[in-house]
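There are structures below to look over.
In what comes next, chain A is part of two complexes: it sits with chain B in the first one and with chain C in the second one.
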Partner chain A sequence: MASAKEQKRLQKELQDIQAAFAENPDCPVTANMIDDNLTRWKGHIKGPEGSPYEGGKYVIDIQIPTDYPYNPPKMKFDTKIWHPNISSQTGAICLDILKNEWSPALTIRTALLSLQALLSSPEADDPQDAEVANMFKRDRKLFEQTAKYWTETFAKKDESNHDESVKKLVEMGFTEDQAKTALQKHGWDETEALNSLLGGA
Partner chain B sequence: MASLSFASGAQHSVRALQSLPKLINYQLQAHGQALHRGVGVARRALGAFFFGTEEEAQRNRDPLMETVTQYPDESLWFIKVVMLFGAISGFVISIPCLFYLWFFWLEGASCNRPLRYWVLFNCSLQLIQVPIRLVFFSRLLHVGRQGGPNHRNHIHQCLRLLTSGRAWKCSKFLSILNYGWFILGVVWVLNSSHCAEAPGLWKLTVGVIAMSMARLLITLVCFYYSFPPRNLPTASRRRRGATQAAIDALPVSKYHASADVPLLRDPTCSICLAEWVDGDELRWLPCNHSFHKKCVDKWLKRSSACPLCLRCVEGRDGHGQTIAPIG
Partner chain C sequence: MSSPPEATGESADAPQQQEEAFECGVTPQANGHVDDYSILDHHREVRKEVEVQPLVGPVEPLDGLENEYADNPSFLPKIRALKKQYGGIRRVCKDGCCFYRSYLYGLFEWLLRHRSQIDEYINLITESRKQLEAAGYTESTVDDFYDEFLDQLKLLRESATGPSELETTFQDAGVSNSLVVYARFLTGTHLKLHAPEFEPFLTTHASIHQYVQTEVDPMWVEAEHVQIIALTSVLKVPVRIQYIDASDTAEPAPLTFPEGCGADEEAIHLLYRPGHYDVIYTKTTDNQEGGKMADGDGQQATNGRQA
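This part shows the complex of A and B:
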């Protein structure tokens, strides 16, 4: 368990991220915690425009180590993605700032923004997934097609579910805004969102 | 009549004799096919034992696969070497031990710890692993020889199926069992006080334990040399923390809102993200960045790089320039 000071930092990070999201719902990254002791978060990244991931919504699993922020958060993709620096099997990420180049001045938000930047500019010379990296180097067209296909198949399917979840909650008598905020906060888990709405009412 | 029947009998047997080679040939063929089919079934059963299905591979979460996706060639080499080395050394160590036990089994009963059973079980575990390891080795050797532009994918796919197969899990389980047994052996050897009738058994057990340790060490060395260290120069420079003396040499000041405002655009500590309040102790790095003393000292012990600009606080690129503490 992190010390009080580190807990405070995590709380502040969460507030900042959610404040930014409330201010601008179009912001490219957001995150919410999924347990009460702040050690497990889910990040959400929008696929950058002009990349084969455009239009996709990616969920990142974030685990906060006990000595955060002196050690980097552990991040991996929950959503399947075709990218040279991300394992197509496990979602493990090869990004220097999540390993050796971490600095305590970085935050979950900046790390997620770096991930988004990584989606726009893959580094095939430092691959996490050899198969994808090979394709990226040898046949760029095929790579982009595959990446787009994976975006369509894995990163867009949640959207319709999201709409349905919102609709369900609206049918129960909540406003669309309330439903969206609650769902967003609870990683689009309908039951948890409903519980929080009922508890808060 | 009799002669006739004899004649017809003879004729019959002659015909039978004439068709004998055909018959034998046919029989052989039938046998061959059965044999062939038998081998086919055995091969398929073995294949199912050694290779997981695509489905199992999907669910497979062997931590080794992360390394394989990142360094297919290096992983292939490493696993190949470890398998061959494990099989050979297991065989070479176990066979003489079993011979010793065969000749001195009864004498071994005089020890106050069951060292003979330890050696026997240890050798059995090793010997069971030998064929499994050899099959792994030959598969990997085959994959390694394929070459071609796609060979990294072949390696990846082969290891993916191999690590999700039952044989791999079995081998892993046996290795863990062997490791536990090894620890038990160390405890027994240290506690066996008299082994009068079989002094050789004690020495043998110590020898086997020493060999196991040597094998472990060699495997580690192999691992170290198989995988290239990444970005070692920068990583090691930054990974190394600053010495306490170097940290203590950095200036410290007390924060006063009025005095420091012009210098600090954003009066928060970028490590704990808390705003500074009057009286907080600040540590100043040579690059003019400042943090809570407590926050940054903890970081500097791990890495000598400034959290904001990554410049080293000590050594040649620190410039040694410090500004006078304020307040």
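This part shows the complex of A and C:
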């Protein structure tokens, strides 16, 4: 059912979100398409100031269903994060507008902005990750420390090195997505990532 | 397992109830994460089953409805009473959009009988776009649906869509769902711009804005009276709804929206069974007896759609 009309809408959404980011680099969210596939995006969110996620850069995996925009885009965190409404294991997100409150009046950009807002305002009573939520409720200080530690560890890696590694693998003939996935999986170790790409091929 | 054998109106609700089964917080274990998306996928599967039913069906005689409730002593007398006044039913998909889709179908049929009004409706929809913006809907998301609504009205005007094409139009998911979305935006806009009139009646929501966000804008949420009042206020053609349920009265209970419209005004007729609307057609209206109905040449429709 992904008709020309829905394709057109997705193209426009992508243009708008990238134009907004180009216009204002302080813009907290942006997104790009993966492998020239209009239904597969990666979103990028800046950790909000004043939150334990400040300074972190978070990658969101976005899959757009064939019945978009009547049904919501599927989003999950690729970057590991310690937050009551996001699974620390899978990156799955508990956010009403990504579920029963999704509306065709919303866009992927507004959904990403809502995600960013969720980082500033956790809803521990409506958790995705009970362990994180319990810590949030019982020991706020420990929660903040843990969330900050996860931000430092997983969301603030030196990106220039990463870009180099991705570039090397892409030059060997892998797609950017393949390269990034393998590198992430292997803690950005180029040799291990390359071995997995060659072995797994 | 001894479930009651009689067909109750509620059975129509099953897919809807399943939909409501998913919500935040249903997977509280830290690591045993049932992926919410697998729940959504299931939800979608359920909807696919629902979607095997066409978005709108042909006009059928009411005998089928009578057979459906043959063993149900509380519904049957009401259906028999209904048969005295109504000759046909057009079943509409039970996907949560049934009121909107039924009413729009009735509206388009009404316009085919009142062709001189089509231009007025083209103006009304054209004007509505500014209202939508005033109510906070953004141009970038509204325009696809707005364009589709206008295009369909223009096809009516140009006689490209006649009574027999209308069924095909409303069965095309892309078109049909776009019309429903725009009707939802019109409903939400009316509610937001008339918030003081509606807010006193809210019981479970803090504001009209929040109500629209959860009960109007999302695609598969069924309409309550508030939405019906709002949409009929915007689109002006009154709707007469015949309510039948398991109560022990012998007659269906009719209600007309908007309240206070003239009883003699030609209305769109809908049948409501708990959880669902279909279009129904009076015997007196138009030319729609027997053979005509088979063409989908519906006249007046009462339609109920289920959420």
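We adopt the following convention: the second predicted complex is superposed on the first by the 157 of 201 C-alpha atoms of A that agree within 3 Å, B and C clash if a C-alpha of one lies under 4 Å from a C-alpha of the other, contacts with A are read in each partner's own complex, and residues count from 1 in each chain.
Note that in this section a contact is a pair of C-beta atoms (placed from the backbone, for glycine too) under 8 Å apart; a residue touches a chain by one contact, two chains touch by 3 or more.
Every value quoted in this text rests on a predicted model; they were computed, and no experiment measured them.
Peer 1: Assess the superposed three-chain arrangement around chain A: do chain B and chain C clash, or do they fit?
Peer 2: Result for chain B and chain C: clash.
Peer 1: Pick one for A:A105: touches chain B only (first), chain C only (second), both, or neither.
Peer 2: Both partners, chain B and chain C.
Peer 1: May I ask you to decide whether A:G56 touches chain B, chain C, both, or neither, giving the answer as first, second, both or neither?
Peer 2: neither
Peer 1: Determine, under the contact definition given at the top, whether A:R9 touches first (chain B), second (chain C), both, or neither.
Peer 2: Both partners.
Peer 1: Which partner does A:R138 reach: the first (chain B), the second (chain C), both, or neither?
Peer 2: Touch status of A:R138: first partner only.
Peer 1: Once the structures are superposed on A, label A:K74 by its partner contacts, choosing first (chain B), second (chain C), both or neither.
Peer 2: Second partner only.
Peer 1: For A:A92, using the defined touch cut-off, is the partner it touches chain B, chain C, both, or neither? Pick first, second, both or neither.
Peer 2: In the superposition, A:A92 contacts both chain B and chain C.
Peer 1: Is it chain B or chain C that touches the larger share of residues in chain A?
Peer 2: Counting residues of chain A touched by each partner, the higher count goes to C.
Peer 1: Using the touch definition from the top, say if A:D129 reaches chain B (first), chain C (second), both or neither.
Peer 2: Once the two structures are laid over each other on A, A:D129 reaches both partners.
Peer 1: Hey, which part of chain C ends up inside chain B in the overlay, 4-12, 22-30 or 292-300?
Peer 2: It is 22-30; the other listed stretches have no clashes.
Peer 1: Both chain B and chain C contact which residues of chain A?
Peer 2: After superposing on chain A, chain A residues 5, 8-9, 12-13, 69-70, 87, 89-90, 92, 94, 96, 100-101, 103-105, 107, 127-131 contact both chain B and chain C.
Peer 1: Using the touch definition up top, name the residues of chain A that touch chain C in the complex.
Peer 2: Interface residues on chain A, with respect to chain C: 1, 3, 5, 8-9, 12-13, 16, 65, 67, 69-72, 74, 76, 87-90, 92-96, 99-107, 123, 125-132.
Peer 1: Within their complex, state which residues of chain A touch chain B.
Peer 2: 5-6, 8-9, 12-13, 69-70, 87, 89-90, 92, 94, 96, 100-101, 103-105, 107, 127-131, 134, 138
Peer 1: Could you list, by residue number, the parts of chain C that touch chain A in their complex?
Peer 2: 19-20, 22-25, 27-31, 33, 35-37, 40, 44, 137-138, 140-142, 144-145, 148, 173-174, 177-178, 181, 184-185, 188, 213-214, 217-219, 221
Peer 1: Within their complex, state which residues of chain B touch chain A.
Peer 2: Residues 61, 65-66, 69-72, 149-150, 152-153, 156, 160, 230-231, 234-235, 238-239, 270-274, 295, 298-299, 302, 305, 307-308, 310.
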